[in-house]
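The next block holds one structure in the form of structure tokens; read it before the comments.
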Amino acid sequence: MDAALARAWVSAVAASVASQAELLTQLDAAIGDSDHGVNLNRGFTAVLAALDSASFETPGEVLVRTGTTLVSKVGGASGPLYGSAFRALGKALGSSSTVDAAAFGAGLRAGLDAVRKLGGAAPGDKTMVDAYEPAVAAFEKAAGDGLAAAARAAADAAAEGMRATTPLQARKGRASYLGERSVGHQDPGATSTWLVFEALAAAAA
Amino acid sequence: MDAALARAWVSAVAASVASQAELLTQLDAAIGDSDHGVNLNRGFTAVLAALDSASFETPGEVLVRTGTTLVSKVGGASGPLYGSAFRALGKALGSSSTVDAAAFGAGLRAGLDAVRKLGGAAPGDKTMVDAYEPAVAAFEKAAGDGLAAAARAAADAAAEGMRATTPLQARKGRASYLGERSVGHQDPGATSTWLVFEALAAAAA
Amino acid sequence: MKKFVNDPESVVREALAGIAAAHPELRVDLEKQIIVRSDAPRNGKVGLVSGGGSGHEPLHGGFVGPGMLDAACPGEVFTSPVPDQILAATQAVDGGAGVVHVVKNYTGDVMNFEMAAELAGDEGVEVHTVLVDDDVAVEDSTWTAGRRGTGATLIVEKVAGALAETGASAAAVAAAGARVNEGGASFAGALAACTTPAVGGCGFDLPDDEMEVGVGIHGEPGRRREKLRPARDIAALAVDAVLGAKPLSAGSETIVLLNGLGGTPLIELYLLYGEVAALLDKAGVRIARNLVGNYVTSLDMAGASLTVCKVDAELLRLWDTPVRTPALRWGV
Amino acid sequence: MKKFVNDPESVVREALAGIAAAHPELRVDLEKQIIVRSDAPRNGKVGLVSGGGSGHEPLHGGFVGPGMLDAACPGEVFTSPVPDQILAATQAVDGGAGVVHVVKNYTGDVMNFEMAAELAGDEGVEVHTVLVDDDVAVEDSTWTAGRRGTGATLIVEKVAGALAETGASAAAVAAAGARVNEGGASFAGALAACTTPAVGGCGFDLPDDEMEVGVGIHGEPGRRREKLRPARDIAALAVDAVLGAKPLSAGSETIVLLNGLGGTPLIELYLLYGEVAALLDKAGVRIARNLVGNYVTSLDMAGASLTVCKVDAELLRLWDTPVRTPALRWGV
């Protein structure tokens, strides 16, 4: 992955978030506060502007800038979480102008660690971690087959993890306030995480 | 008319207002503030209690007490207006224990005068006067035929006056705020006035 | 109908019990249905009484206290109080210097207050009346019941209350109130009707893309219905109506009330106020003081009203004096 | 969606412009999206900052001023503010004695305030945090994000603000705030959901004869749904929940907030308060002070919350000190 591909990925995330904002917000209406799509869309719109107004030499720079912008524009729970994830990923990629799939997989795991450290959620808590964790594991496993294949595997695993949040009772985030009433609804954050990995697969294909 | 008949009349008004309260309120919702039925029902419920807790020798006493109770229980525009009408009627009947149709007609006109003086409405302003005025005129005209016949004529004239309020634009009361939008609705106060005269016809029949 | 009530018939009485519990500094008479300042009557001080239908809270009970009303008499929901009540309030605050009634111009309010004033006169209490009729949505012609009393009532009550506190005569207090009313103009719009406890329903039904323009505070339909427009257009509509009815020369000082009708969130009221302030500024009108919030409401109606009230130095000084009531408090 | 707005995306910024116009005594920075007391920073005085998603007005911006908050940072509607904003507010009120953050316990608020505190620490500003988590509708277990911060926030901000005014240390101010939170318990119910400007819709749809019990202030569904009941039953439900979660010994002194969620008329809030006061009295709980009104809202949600906060003589004294903010004012 190089700076151009990183940019292409983030742009694809932005496009996907924009087109799916209503879905994300509707999912959040059921077990949260109806703002997840609005939040991410505001954030990624700002990210596009930030990326457009500068040039970047490395994918790390692109992704750190993406994360920093998300932190300062999104707010809510998803802003710090996604922001930290992209920042940790970007930082992990260091100053290389291209990174291979293995290094990128390690970066993704650094992002996941950041999310888990900041939010304290474990798999099964019905959060974005439930999509993120299997996606990283699948990516690592397929990293030997190259970025495109690994990204595809990650996206599929994210989708599965996302769908698996539906029967869970939430233990983190706003949905946890609902107790048993959170069961039967797909987690909005896990859904947006799936979009992120789908965009990666599409950009890398 | 004697005290017993006056009581019977007022009781009949109370029963009619109670059963038609919703209609009166709905009419008031269209061009007023949705309380005419509630107001009169509260008032006549109190009137029944007041009449039950005392005995009266003359129809005048019954009607003065009715008016006084309405003034102190109804509020709004209709409280002082109906209250004053019944008080003026009762006072006009003096201390006789029975009055004939002519005297009763004069009393009704005294009541109408009180309403017109207090509220300043003329026929055609889309108020209770539009039912009250023709009712009194019809009563006076038929007074020679006795109370029952005069009351029947008054009730019919009130009904016609009431219906004639529909095409009018209001110039008094809350409905006047609506300007042209008041056209096409039957006036709630004219409707309750019709109920009052219908009750009289029923009681006197 | 969805409301926090026990029984629609007892709403006013039970709310009064709550006011009594919340404000031990006031005297609430549940029997007579009046709210009285605890130190009333004060010898030689003009008593200031207002009242009207309930459902407009904090008006009027929320404005009872030092510096403002001496008593309020709340009627049933949207129904003016009865003469007995008004008389009781009048007598409770009569300190020998006369009593001033602040009456919003509705047929029912006017008649009931008139009857009470007559009864009070019979008892030897001199009553002066200030009629408030600031709502310019209604034409002021002999062909209507005249303009309604709405937002300016608060300003009348504050200013008259301040003057009464100084020991001024009843005539002077009433005159100051009338002066405020003279300079005041209001205009309201609604996005959704209110729900009365007794009826449950609403005075009007609005499609999702329409608003009622020129509404009052009793759930009655407005002057007309329009397509819903952005806040800045609605603000312009209100400013135009108000300045159109009572033109202000450039440099005029005003008190502005951007009032919520009960169901509109404060964030929207502030947004509207921002628009209104910019428009008034453009028109050369100076806003000396302002209030933004729910003060003269119509139950849970989603809507807002604008009141612009021209003031001179004396009225402004009276506005600024300390006031201590449940809903308006400063300086103390 | 029917709202007084121009564009859902600019609601918060435009409302801030309105707040700026209405309150010249505050400094409103539209760029940084913060509301700051005009005399901040004050040398040697602890700065008190709060913030959270918008839509809860007057919380928090309406509580900025002498005796209460030094600054507020409103996020987008129902979305916690971002670290930049919080940092800007923190720096704006830092008078060298440290800054205290009052944070309602929501995952987003906690994380964003934490990040800001870290950034502020990097800039040499010592930040203490008071976490408010008074909503007993949520179980306080490791299996949830913990209890939400709701009505008690107002009491925390008033008390901490009063103490900060005396020149107390940041640690002491934070400790007083934490003590209020410790003694505070809240419970809310809703009769109808709110409408957010961005989405238009509602978090939940309620049939005409049902209510949501245990709701928060973000339009989220409550803990459960029940048949609508009379006000006295709803009051009992709230009192039981609050006293059940934080039992009070007979004779305990409390501050009670009967709070409207935005769309409930004041007459109903007073009616509810009457019921609550009677129930607390029966339970031997003393209400030393009370507030009835819309203070911690959820846009136009039809609903109400009860907060009961145990206080000792010192906290009560701090509650009583003068405060001068747009939404809470006494003694000055």
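Chains here go by letter, A, B, C and D, matching the order in which they are written, and residues are numbered from 1 within each.
Just so it is clear, a residue touches a chain if its C-beta (ideal position, glycine included) is under 8 Å from a C-beta of that chain, and two chains touch if they have at least 3 such contacts.
Note that the coordinates shown come from a computational prediction; the quantities given were computed from them, not determined experimentally.
Colleague: What does the chain connectivity look like after leaving out chain D?
Modeller: A | B, C
Colleague: Can you pull out the chain pair that has more C-beta pairs in contact than any other?
Modeller: C-D
Colleague: When the C-alpha atoms of chain A and chain B are each averaged to a single point, how far apart are the two points in Å?
Modeller: Measuring from centre to centre gives 74 Å for this pair.
Colleague: Provide the C-alpha centroid distance between chain A and chain D, rounded to the nearest whole angstrom.
Modeller: 32
Colleague: So, what's the distance in Å between the C-alpha centres of chain D and chain B?
Modeller: Each chain's C-alpha centroid was found; their separation is 54 Å.
Colleague: Which residue numbers or ranges of chain A touch two or more of the other chains?
Modeller: Within chain A, no residue contacts more than one other chain.
Colleague: Using the touch rule from the top of the page, what residues of chain D touch 2 or more other chains?
Modeller: 77 - these are the residues of chain D that touch more than one other chain.
Colleague: Considering only which chains touch which, how would you classify the arrangement: line, ring, star, complete or other?
Modeller: It is a line, because the chains touch in a row without closing up.
Colleague: Would you mind giving me the full set of chain pairs in touch?
Modeller: A-D, B-C, C-D
Colleague: Quick one: which bits of chain D touch chain C in the complex? Just the residue numbers, please.
Modeller: Against chain C, the touching part of chain D is residues 1-7, 11-12, 14-22, 54-55, 57-58, 62, 77, 191-192, 206, 208, 211, 228, 230-232, 234, 258, 262-275, 277-278, 287, 290, 292, 294, 297, 299-300, 302, 304, 326, 329-332.
Colleague: Using the touch definition up top, name the residues of chain C that touch chain B in the complex.
Modeller: 9, 53, 75-84, 106-108, 111-112, 115, 137-139, 143-145, 148, 196, 198-199, 201-203, 216, 218-221, 223-224
Colleague: Could you please specify the touching residues of chain B with respect to chain C in the complex?
Modeller: Against chain C, chain B makes touches at 25, 29-35, 38-39, 42, 71-81, 118-119, 171-174, 176-179, 181.
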